[in-house]
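Everything on this sheet refers to the single structure shown next.
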């Protein structure tokens, strides 16, 4: 289990710079409290992981911080900027990209168009300009090549295999130029070789300056990949710290026992 | 062994472009020379009716084609454009073509609150609002007789008073043709723009599009307003040409459903889809009117046709035929799907592949 | 200013009308619940049932109410068939939009066939008790309206008992609330959805027969019903039967009261005003609408 090459072992003698942070985030569905006043901070420039048993509120947390659902109470901030209750496209434009638990691509668009659709023009003229100009096509091809699916650029996304769709989804997220990338179960339903591949990509992209927040059940992946782990149970964090500490935390073991 | 995975591109690009250009020029030539070839003014009126349908269904396709939101009430915007133009000419005594554009602008403004109510919640409420809009406007325009003429109708004076009937038809034929060309041009421009890419992303997966930063609600609203404005212009031009408006025909749920039928039949993802659908359905409608008069069987045929298209060819006839031709052309070879499947197998052997197959993926659409 | 007795009369008529709206809206809610389908043809089937009642009465002289024994099972079967044979063919991704088109086309076919078979002439059933009315605290209420309300109330009650107290009702509610979970419990959700659809269409049979008692019918009448009904289910909150019932009563009463001051057509616009206001202000509906944000 190798640590990320090049990233020096961080000794937390100073406070790490906060990335995404929530205070008192609460969400209930009917009578079920999915998030119970969750206060948690993730670290900028790091690979953060969010783990916890099924139903502990991880996906609800993702959906709340990305604006897919509106929290009942609490605040969401990204690098000091308040994002509470913003619609999801605003949050995306603040620099937060996400993947979905059951990978979502635009099924009847070509692979290349899937990436071009993630371009975010800032001006009115930019919106009306032709999609797929030289610069953005080159950039899109660059991401596809990095994912190893550049030869499929003209295929419709729905024709791709599950693993290829996962890579395509990640490429689409990257195309939208996020600083912080939220991955919801990137290893879900993926074979071991591809998991290694995704891990390598995450390490590389992190080394290039992107922050990650990963929800994952694959503990090997979490422990090998992440710098900072937050453990959820019953809709709130019960432990956080570097993976080595989390692995021996009794509360974490307790939460996972019987799972 | 591996071939280019896109069959469409099997024709080299420049030749495809030339082919397109050739077909386009031929179509334009036929459309422009039609009035001088027509044996009588009646044929020109049929041509106008078909062009009117073509403008309407192309306008409808701004919303239906790009975003996938089906409006059954676009007849309301056509009716508002018609009555707006007529009333501005009759009551405000504006020059006819000023009235036309003012009416178009007014309908665009009105489309904003309608779109606000219709598009805020996704899915069914859009259709409900679109139908409700036609029904409520029909009630209002029938009841408010002192202003709209009610069921007695509204007579719109002719814009070119001295003109003979044949010349009148000929002029309007070209006006409708110009409006159609404009609508097609705008649709084409949006189709290739980043805005259009965002709209198509909404059609595919609205949540996903928004999570990538597309302001989905604003995009939908903008294209809805554009669509309403073009529909209103078509309605207004119709009012100036036909000269007599009746709420029952102007605010008819049936005219809205014809737009849907034409666009779906031709194929909503294609620039010329609604136009081709309009030619086919419009011609059939006019033919049936002459041969069989106004019978309730029109409804039955329209309903059956719509049902068949929705059930068996939701992408339209053009793509269905295209797929059929593609299979024919490819017979003996491999289809796109098979190539990719073979590729996947190859890639899986290089341990790049998958564990989860299509069956398990289907749970995704909620 | 209308007199107090006139207002009271309107309130009573509004309640009677609201009952019929409530039954029909319950049917629409059922379709939406089991399939997320807005069933445009609901009111076309309503008019079809009314025509069948009128036709049976004209040909044989039997009481229109007796046609229920035929139309209710017939419509139930038609609903099951429609769900199983037509709606399940549509792609899940575009089901909401395409199902609207499909049910819309069914409505066109029914309207066209009614016009072809029975012509566009307005029809009305004349019964021995058509013109009789009873006094009710100073309000005059036509007996046929009372019968219609009674039928709607009975059918709604039956629906309620079936939903709450039968195994089928439990399965149906489970399917509506959480299809996947219901499947895990071993419920054949496809079959249940079919029965739910049949049940919805059966309400149209009851409603149509009730309607035929005191209304002049013609083929395109269904457009006057589908608009208000859709408004009711939106105001009540899509997918909520009690919400639809409350909205039906409220709007039915409002319509009836507005008719005191305005013409019948203007009074009908209250439904559309309510629809637009609801969607602009509170899109999930005013009385329930748990499903509204999920479709």
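We call the chains A, B and C, going by the order they appear; numbering starts again at 1 in every chain.
Just so we're on the same page, a contact is a pair of C-beta atoms (placed from the backbone, for glycine too) under 8 Å apart; a residue touches a chain by one contact, two chains touch by 3 or more.
As the structure is a computational prediction, the values presented were derived from the model and not from experiment.
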Report summary line: Label-sorted list of chains bordering both chain A and chain B is none
Requested in this report: Starting from the Cα centroid of chain A, hunt down the chain whose centroid lies farthest away.
Outcome: C
Query - Whole-Å separation of chain centres (CA-atom averages), chain A against chain B - result: 39
Requested in this report: For chain A and chain C, let me know how many angstrom lie between their CA-based centres, rounded off.
Outcome: 47
Query raised in the report: With chain centres defined as C-alpha means, what is the inter-centre distance between chain B and chain C in Å?
Result: 32
**Report entry** Contacts with two or more other chains, residues of chain B listed in rising order
**Finding:** 363
**Report entry** Sequence positions of chain A contacting 2 or more other chains
**Finding:** 107
Report summary line: By the touch definition above, chain C meets two or more other chains at residues 93
Requested in this report: Under the touch definition given earlier, write down the residues of chain C that touch chain B in their complex.
Outcome: 32, 36, 38, 40, 86, 89-94, 96-98, 100-102, 104-109, 111-116, 120, 180, 219, 223-224, 226-227, 230-231, 234, 238, 263, 265-266, 268-269, 272, 275-276, 279-280, 283-284, 292-295
Report task. Under the touch definition given earlier, write down the residues of chain A that touch chain B in their complex. Result -> 66, 68, 87-89, 92-93, 97-98, 100, 102-110, 113, 116-121, 126-132, 148, 151-152, 154-156, 159-165, 172-173, 176, 189-191, 193-194, 197
**Report entry** chain C partner contacts - residues on chain B that touch it in the complex
**Finding:** 68-70, 72, 113-114, 116-118, 120-125, 127-129, 131-132, 135-136, 139-140, 142-143, 253-254, 257, 260, 264, 295-307, 310-311, 314, 362-363, 365-366
Requested in this report: Spell out the part of chain B that touches chain A in their complex, as residue ranges.
Outcome: 4-6, 9, 189, 192-198, 200-201, 204-205, 207-217, 336-337, 340-341, 343-344, 347-348, 351-357, 360-361, 363-364
